[in-house]
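Shown next, in structure tokens, is the structure this report addresses.
Letters A, B, C and D name the chains as they come in the text, with residue numbers starting at 1 for each one.
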Amino acid sequence: MPAALADLLRSARVHDLEQPRFVGMPIFPTHRPGYFYALYRRHRDTWQPERHGPRSGASGVLTMMEHAGTHIDALCHQACNLKLHGEVPADQIETPAGFTRLGVEHVPPLLARGVLLDVAGWKGVPRLPPCSSISADDLDGCAAWAGMEVRAGDVLLVRTGYGALWHDEAAYLDAAGVGKSGTLWAAERGVVAVGADNMSWDAPDERDPETGATLFAHVYLLPKKGIYIMENLNLEEVGRVRCYDFAFIGIPLKFTGATGSPFRPLALA
Amino acid sequence: MPAALADLLRSARVHDLEQPRFVGMPIFPTHRPGYFYALYRRHRDTWQPERHGPRSGASGVLTMMEHAGTHIDALCHQACNLKLHGEVPADQIETPAGFTRLGVEHVPPLLARGVLLDVAGWKGVPRLPPCSSISADDLDGCAAWAGMEVRAGDVLLVRTGYGALWHDEAAYLDAAGVGKSGTLWAAERGVVAVGADNMSWDAPDERDPETGATLFAHVYLLPKKGIYIMENLNLEEVGRVRCYDFAFIGIPLKFTGATGSPFRPLALA
Amino acid sequence: MPAALADLLRSARVHDLEQPRFVGMPIFPTHRPGYFYALYRRHRDTWQPERHGPRSGASGVLTMMEHAGTHIDALCHQACNLKLHGEVPADQIETPAGFTRLGVEHVPPLLARGVLLDVAGWKGVPRLPPCSSISADDLDGCAAWAGMEVRAGDVLLVRTGYGALWHDEAAYLDAAGVGKSGTLWAAERGVVAVGADNMSWDAPDERDPETGATLFAHVYLLPKKGIYIMENLNLEEVGRVRCYDFAFIGIPLKFTGATGSPFRPLALA
Amino acid sequence: MPAALADLLRSARVHDLEQPRFVGMPIFPTHRPGYFYALYRRHRDTWQPERHGPRSGASGVLTMMEHAGTHIDALCHQACNLKLHGEVPADQIETPAGFTRLGVEHVPPLLARGVLLDVAGWKGVPRLPPCSSISADDLDGCAAWAGMEVRAGDVLLVRTGYGALWHDEAAYLDAAGVGKSGTLWAAERGVVAVGADNMSWDAPDERDPETGATLFAHVYLLPKKGIYIMENLNLEEVGRVRCYDFAFIGIPLKFTGATGSPFRPLALA
């Protein structure tokens, strides 16, 4: 089987869902300064042919928030009334070096069927109206239009079209997102993870009428359902080629105790 | 085909080749301080039920060198007489923000057949002698013992056994590595990437008798052959279960201009 | 004498010339992200009364550019045609860890007579027009108005009034500054350092008509004259109380090889 | 008076009490990685004579703990049973961005009489035995030997001799320190700050027999008495020239909310 799998991987069409990482990319205000890279060791610095032969090396240093750029949230990232997933009190597992449980090192590699619901494509617009909210009806409608069924174990991606604005922070931060009914729709289908081409999956201005919570998915999917949230995906290419059904690969790094991880998810078709 | 691929991915046995990331993990002295994570926003800080409902979030900040932990080297990382891959002069593409060409954002996701040559296993030892060197003959012998053939397009992993010492920096830094003849052996087979369970693939004390270069693979595979090098892999599990032939998935992040990227490679069998 | 000096120090009126340091303070775009502080170790984390008694500690981590906030430039910070002060070629003393000569660790503590030329005060405005330029005639006129003489060995401070806008980055970055003739005026008087309540001492939009250089003082005072430049001073209080003549204390930190240092200068009257 | 003060400052003999800051300097294990500086923008990068004239600039980035190198502790740094100075509950003023009260921005510039008690010099040894403890009797004896009286409002510096080992982290971390009785002796005299040439002022292995607390001064001087602690001073020169009585200048930076600040204290004689 490894041979068959390797052959399929090699011959698959690979769609890269990661946005490029650079200083100045959009960042949620909470997570500023977000991302910084400095190249400080250069080749000429280490080139000493008489001592080391012709070889030289260059390298740099990264400073970044784990929620900068395309990333996945760990279960410890969000709490509901200070309880994390499994009703674990947040206080009990917080340390200066990170969470002693539910950190991103416990998120398994996501290897699953992926489904794209291209809501912007369905509506025939380059992107949905700023700060607008995607409902369960929208997801139903889009799935029917595309002939797609979302099933248990799937990874669900929703396209708003704002991924095309990755170089324009102000416009990007006003992206559309998924509303409460849309999030419930996803959870009911038993997906293992959801993701969108915006900063937070959630519709930015919406509040749960029951609890007043902002970012409903964050307080529901992570602490209550154990469903991961992926943010800042680039869904432009999969949208353009109408790749709605694919093998999804998303592999977070094991930053011990951290609340999320940058990663580079792929859609293979 | 996506369905078949997704099914195979879901049912595969997944071996995680990434070492855990934590403050104090082994780091090449050149790349100190290496890795640091601080959790600074805690749930209670953001919990304001009257304003935001029951939701709260936690997050931290990472400072790290791109060559810390399990990672892959970009082509710009190493030069031969100040020429990078394709004979590009290093000086011409170095900037404070990274390399304008050959940066890690240009490394494609590695989706390939993977082969493990477990040299320590072949020799029947938990790990090879400290600082010892693996030759072409060793790789030949190990491949014959395992009944493995390394082919063009493969990813070649070599196990020294030092991955088991990830929690002991001093011992880990004295790992065995691959000597010049072993590196040439790999390059002749046309692999796309090599990796080992040590800090640098190369045998640490060896010098190329022709040029005096330390770390022969670094001055040969990257600038001359365009073959990627992966370091600090955890090959203990694949060695133990004798998983020598597998589908390899290794997906670096697109840190624009950076000389490498931490990643979490997988062996699927 | 130490007793007399200590007595004078204790009884002096102390004017603090440092702007507060906080995330979001104004930063020259070149030096973004500028300043970040995260408190990550909190008292409860380390409070283990049964093991350590009643004591606990808290601490954080700083990431910052050496040119963030109130600071002084080292001689290595600026070059003229790639020559540093003393005609040292920049390339010869640059390393990944900083400059091997002319770094900020060689800047002595500045203990001198200080003179404030409050140009905004002289003109009777809260602040000079945005991006306007202070000339030699302005400095002459202001000095005559205040009855001040600038002498060799003095530290010269020039007030534009923009220090009051430290909480408004956009407005602050449009501050007035000192033009070429004003810089030459200062240098002719043999001052050891100059400083202003703006991002760069220099008038931001001016170019030297002879060479086309932006930031004339940076290419003249540091590489040619060895006169230090101090930036982002808070001169509001000394302006308000008309403290024009004072003992100046400015003590940079010895960051080995760095191109500048944040510091907290004082005016004692 | 400013003129007299400026004259005295200019003519004083200046002893620099700051240790140099460099990657690899000693750091308390709690505060690792401690200190990192990377020069990443170099002169050639910004030298564009046709666009900017002959000027170019270089700069870097610092990552550091506020307790790295020569520094002063803010009152919020230490608590006694989770109460800070003034019985303020630590929890109430901790935020991700630092303390809302008692942060280092509230520490005034220290301008005072300084007294050095050179305990190592008094005992005629280059340094006191490793991890040994300096008692009230020692301070009394040393003060009598030197003919010094410590008075209210003074800054008290105690020399162990370990400042000479700043380049040897292992040896430095085993420095002698001041025991409980010595700390009480200092507090009784009403000093405003104490400092020593070691990592923590306190004797490293001593515990308060009453409470079991490690680092007695940290739980007593800061939370109970409001007396600042200064660490990693370089007292070698003042010891060598027997400068026991001087004007002390120590000016922390105003990092808003931080628990301490690196600084460069001076002794003027």
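As a working rule, a residue touches a chain if its C-beta (ideal position, glycine included) is under 8 Å from a C-beta of that chain, and two chains touch if they have at least 3 such contacts.
Predicted model only: the values in this text are computed from it and were never measured.
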{"item": "Homomeric contact chain A-chain B: same or different residue positions, threshold half", "value": "same"}
{"item": "Gap in Å, rounded to a whole number, between the CA centres of chain D and chain B", "value": "42"}
{"item": "Chain A-chain B separation of Cα centroids, rounded to whole Å", "value": "24"}
{"item": "Per-residue multi-chain contacts in chain D, two or more chains", "value": "23, 36, 38-42, 60-61, 63, 95-96"}
{"item": "Category of the chain touch graph - line, ring, star, complete, other", "value": "complete"}
{"item": "Residue ranges of chain B in contact with chain C within the complex", "value": "36, 38-40, 42, 60-61, 63"}
{"item": "Of chain D, residues touching chain B in the complex", "value": "23, 32-34, 36, 40-42, 45, 63, 95-96"}
{"item": "In the complex, chain C residues that touch chain D", "value": "1-6, 8-10, 12, 14, 16, 18-23, 30-31, 37-39, 41-44, 47, 49, 52-67, 76-82, 84, 90-91, 94-99, 105, 108-109, 111-114, 153, 207-208, 211-215, 218-219, 245-249, 251-260, 262-264, 266, 268-269"}
